[in-house]
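Pasting the structures in now, so scroll down.
Across the two complexes that follow, subunit A remains constant while its partner is subunit B and subsequently subunit C.
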Partner chain A sequence: MSNATETGAAAPPLLSLRNINMTFGGVRALKNVSFEVMPGEVHCLAGENGCGKSTLIKVITGVYKPAAGAEIAFDGETVPHMTPGIAQSLGIKVIWQDLALFPEMTVAENIAFQTLSGARPRFVSYPKIRRIAEEALARLGVKLDVDRPLKDFAIAQRQIVAIARALVGEARIVFMDEPTASLTQAETDHLLSIVHTLSASGVAVVFVSHRLAEVLEISSRLTVLRDGNLVGVYPVAGMTQSRVTELMTGRTFDQNVRARDVSKNPVVLSVKGLSRPGEFSDISFELRRGETLGVTGLLGSGRTELALTLFGMRQAASGTVTLEGVPAYFSSNREAIAAGIAYLSEDRLALGLNQPQSIADNLVQASLDSILSGGLISSEKKRSLVARWIADLGVKIGKQEDAICTLSGGNQQRVAIAKWLATNPKVLILDAPTVGVDVGARAGIFEIVARLAEAGLAIILISDEVPEVYFNADRVIHMEKGRIAGWHDPRSTTLKDMEAAVYA
Partner chain B sequence: MRKLFLSHTTEYVLLIVIAVISIYLSFAADRFFTLGNAFDLLNISAVNIIFAVGLLVVLIAGGIDISFAVAASVVQYVAVLLLERIGGGGWISGLVVAAGIGVALGAVNAFLVHRFRIISIVATIATFNVYFGLLMFFTKGVSIYNLPDWLTTRVIVYEREMADGTWAEITLPVVVMMVCVLVTWLFITRTTTGRQLYAFGDNPEGARRFGINIGAMQFIAFGWLGLMAGIAGLMQAHYAQEVVPNALYGCELDVLAAVVLGGARLGGGKGSVFGCVLGVLLVSITQNGLNLMGVSPFAFKMIVGAIILVAITLSSARLGNLLPAFAKTAKTEGANR
Partner chain C sequence: MNALAARFNAIFGADMAGPFAALAAVLIVFGLASPQFLTGATFGSVAFQLPELGILTLAMLLPILTGGLNLAITFTANLAGLTLAWVLQANGGIDAGPAAFLLGSLLALGVGAASGLVMGLVIAFTRAHPILVTLSMMIFLRGLGEFLTRGSDISGFPAFIAPIGHGSLFGIPVPLLILIGCVLASHVLLSRTKLGFSTYMIGSNIESARYSGINTRKVLVLVYVLSGAIAAVAGIIMLARFNSVRVGHGESYLLITVLACFLGGINPFGGFGRVLPVFVALVVLQLLSSGLNLLGANQHLATAVWGILLIVVMVLRWLSTKFLKPTK
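Entry: the complex of A and B
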């Protein structure tokens, strides 16, 4: 942040782009965009999914050729025809959003790939490659077996490898395209401290992330893109998350506390002393008709485990659960669904929806019984059920038969919610319903949640983003290490106090 | 140890299969387990191994080539006719000319694949037909028997008289094969260009974003196979002491099967020279053994096909799953360290 003041108007930019236009078969991904990065600054590139951030990075590195008229200058010199090779030699490094690693090669070769690239043939020194890789990993505070092929590792570790690769060799500028997407908090912290170190040593960093808190914490300037257009360049000092959201979406979102008093409503779900060793213990609460109960807490605080237990996918060791006064012990989620409990999974991509299947098939998946006709699925009933929910939740689709993966994150999530509403639940558990959903579409999801609660549905809203539960829940439980660490009422506390309590 | 084993599963499986078959054959056929037969095996396999290490490079780079064997026949004809023009030539000029024509024919494939974005299997089936058609058209199917003297004189590099009075010999093609194997191994494991070929086959877009010259990769891969095909063609003419237009026709599929058997992946990024040599040897040993046992040659192909299936199934199944006990003890050992 100190760099923001040092790089005044006098300093020439390290990288400057003008008149960038990029078209993919009729789709204009970048329209007359300009972009500037100062030496040693941490610059954030913000915008909703599909606004052209990755495309801009690819234009800068010569992966894509922009339309005629584009000007790219690095270090004061224009580069008429940027190519990936030139970008390499200029010290432009990228952590690609899709990683672009080599799964069959070893971790060491992936990290030290720079020493293997270049047109001039040279002999390879494996001890040197191993040393380079281990040093880069050590900077990230990570230990990996560098001799194993990359394909043996999970996505989070591959992300680490991609980051380590960008730390090898002389860099002038490092682009990080959503580098924290699959990292833990500790790994993210490590990365952010490396960003500081890089910037302090004069290396510019361009950071792309969906997590606005992260972005505002580390960067000094912000370039916002919307729909391929440049919205503007802003100093980060004085920026708030809601202002950035506004710039990204072009809309304002009134962030009013939605909490209401529901203490007069009848109790729907009552949980007493629920425990599962190693996951959570002594959880007690009452959930009322029309109530939205927020549950927050850091990753690993036992939120999801509690939800899965209420949903019958795990069994509690002790404690009682009653649903509308009737003891509710489920030995499977099938029983839980039948009794009126619905659970929207936190992992929509892998568990919640079957990506290659059609929108209609996904939507009716949990309520097949209701569309049977003589023991067979009635396509008539299916079509009308799907049509009703699509209209009700305002899902934007082409045809019912389109694969669900053709929809945006926000629309997929609406289908996932519709899938559960079609089961006529009494209690709806929403686990991280905005993960992978654009900021603009998030508001729409919460509109739906508010409407459902108004109509009398009892909702448990789980989220690790404190503002989400603060603005959208009637009461908030804050969990820590498997226990209830505190209760909050958004009407009588501020967001700051609540965040302080949760992140303490 | 476990690491070494798991990272070279294919090679170990092949070694085991070869050992089992060899033990069986040494009981079934008296002559199998003799030095003379071992040398024969090498002499017979030399040409295919040279082809195989060339094809391996193309497979690693994510391509495939059907035309190389026919291209080798073209090399034989053109080289012999050309050398006659310049007064006969010798081993040095012969190798240079054969290698040069081979590289040029490989470059044609690379050009089609890179310039016109034709997928390599289609491009090389096309050149396969074009090369073979041209060859038959211009030669009218006539073989060449009067080759230059240097080419038909057997070069024995090592020989030894056996107890039964026969001679066990290692001939020139074996030495050339060994050099080709060694140089290819050095090239793909110890040079940056070789590693770039792996990276390119593994993730072409990833390689491109690193500034690796995609066109160069195609020309190097197909050029290397062309080089090997040229050398193999010359060695085959030397070994057979004649040039027959369709002598190599059909061997491309045998070599391809052997290379894939050796662990190379159709799709790129994977494969080793050692595995590739073992793949060719497994096929040769089986054929040789069946021959010695007096099995009808028509049954060869069937049995070889079956063995390829078994070996590929074994090596693609995770060996850890087949030998759970071994994998487990190795794992706890690793943990204790």
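Entry: the complex of A and C
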């Protein structure tokens, strides 16, 4: 591992924060938090959404000004008033999750633009830009065509470009915010090796990630935040994933395989040889009453495209689908909904829910016919329908009229599920139902899924997190490049084997 | 004070506060400035002038709620008026009977709806921007109308039509009754029907509405059809009020209708806003104009004051969100 794992008193910390308090409109986002990073170490900052991780990074980079009494020191020197400019010049760099790159510009321009933006004379020398970019990429041990526009590259390479940009000038400490969220396993491995290279060259890396496995693999120390409080700083050696989850949520989760034998139940949905060129081909499966069928596979494996086809938003080129024995050809999702198929979108912010609109309107929007009275919407029926589902799924809300965007991710997802349950579906497709949902609230979502399956609903659970389908599905389809690459039964396989098969 | 505000919000809705405050301000200022302001004459003139602008504003309101706009409303109204005029003239001009008027009005509504249908189909299926589509329709209708009329007035209608523009029923001006009917119908449409519900959902996020099974194309087409038909109603009233039709009549109302929508709290990007605050905002605009008139100010000055009013309202809204804590 890295050469700076010993955290004794010998080396002074590179960055140290003490007594950090931050209040936003009455909400204390950070309470007396302290944080230290050693030179050249790989440090993980962990915690649920909203625990204060991003706020802390923004305090460190001078975007937010903490309350009086805060002490920030860099390299032994106190920094009384941190500003983004000072942070830059000290070599504190951040790679945000959205990368903040320019797709239309070349790789070289993306890497070098910050160093040139204040340069004098104000002329741009393309050879100089290229030299800066090539040097930065060389430090990472990566070769890319720096003259091609960034949009030609996949997300993993863009990430590398973002890292290279951070290294231009002098980087002493690099913060990476969820860097592996959209990477495949091979790409993640490559990124982790780059992190090792950085750390070996003396640059400290602070990793913010919710993928606990890689956190434990890469970092030497772990700082855990919960609700704006510092839970503690721990050496990673000897840590387990469940222990980290416990520290992050303050609760213990014992995960058991939920899979049951449902082969005696009647078939609800039967899919034979379903194909759509360029997306998926020859997909066949049967889904039974009360069954939770897991579908996993990497991004681009055709999972979502298959789901959208079953939901009638796209049309298959060949193959058959029957719902309770009746052929199911849908020319739109309205027909699919009427026939009893519901689809919870993977993109809750843009597609799954109408964020500016109210909780009540979001919940009833797919089942308007059930709240009509004499052809007009009845506000009493609407209110009672919403109240019933809010209570049934345990959604925590203020008023029904509040905008849905005021709710937490977990509560939003419960409303999204309620929206579909109100349509009285026979098949519920859940596409990545825990994206943007806190670890603690995820368990609650899966409790609901289990309860619905128990009540007889047929569920397709799509997730790229293998443990989710392993623990919560009865059977699991593994998709790869649009085809079914394998079937798994959680009762007769281990999580490790399943992960090995999917991430291979 | 807060309890009072809460009661007010419960009865009228929070979005009524601004328009009501403006209404009170106009009544007080002009009431003090001119002794004739708070008399029946003022309200009579407002009641006769308001309907055309008011109905055109409703035609503008529906597309704005979907995140669009209908720039063709005034020329749609003109073309609808021309249609009615043509039917009346073909049936004897001043001697035309009520049957001809009825037929002509139905055809006029049909022409308005057809103009909306074309725009709605293009917007819903090509996803072209409503500004471009409705601007094209506006230019087409203007050209067509000027070609058909050679730019002149069409007049000479039967006498029984005049009451639609000038008459009173139970002491209330007929055009005002028509406006109130349209306002109430729009209010029910938006707050109680599936179409209205879908209009709001589409306005704030059309893709998420589609994923929830809302037929977004059908809703968009219907909204523009309704917008065109409502504009045709305004065209019929204009014909009756002026006893003539001229292409270009009411053109200056176009941007005023947008202004009235925003003054009434309609979100310019769509998705939010109600009919009733817009109605109150319309009354304020018209009172303002009548009041200035009474004080001997030039009609053009009234237009300028409308512009100033809108800017002041924008600033006041910003101040109120910045300095007033929401009462939750």
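By definition in this document, the second predicted complex is superposed on the first by the 401 of 504 C-alpha atoms of A that agree within 3 Å, B and C clash if a C-alpha of one lies under 4 Å from a C-alpha of the other, contacts with A are read in each partner's own complex, and residues count from 1 in each chain.
Note that in this section a residue touches a chain if its C-beta (ideal position, glycine included) is under 8 Å from a C-beta of that chain, and two chains touch if they have at least 3 such contacts.
All values reported here derive from a predicted model rather than from experimental measurement.
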First (subunit B), second (subunit C), both or neither touched by A:Glu279: neither
Touched partner set for A:Glu465, first subunit B, second subunit C, both or neither: neither
Subunit B versus subunit C as contact partner of A:Gly352, first or second or both or neither: second
First, second, both or neither for A:Tyr343, with subunit B first and subunit C second: second
Which of subunit B and subunit C A:Arg334 touches, first, second, both or neither: second
Subunit B versus subunit C as contact partner of A:Glu48, first or second or both or neither: neither
Partner chain in contact with A:Asp361 - subunit B first, subunit C second, else both or neither: second
Intersection of the subunit A residues that touch subunit B with those that touch subunit C: none
Subunit C partner contacts - residues on subunit A that touch it in the complex: 313, 332-334, 337, 343, 345, 350-357, 361, 365-366, 368-369, 372, 375-377, 398, 419, 423
Residues on subunit C engaged by subunit A in the complex (per definition of touch): 188, 191-194, 197, 200-201, 204-205, 207-215, 271-272, 328
Sites on subunit B touched by subunit A in the complex: 3, 7, 189-196, 198-199, 202-203, 205-213, 216, 265, 269-270
Residues of subunit A that touch subunit B when the two form their complex: 61, 63, 83-89, 94, 96, 100-105, 109, 113-124, 147-149
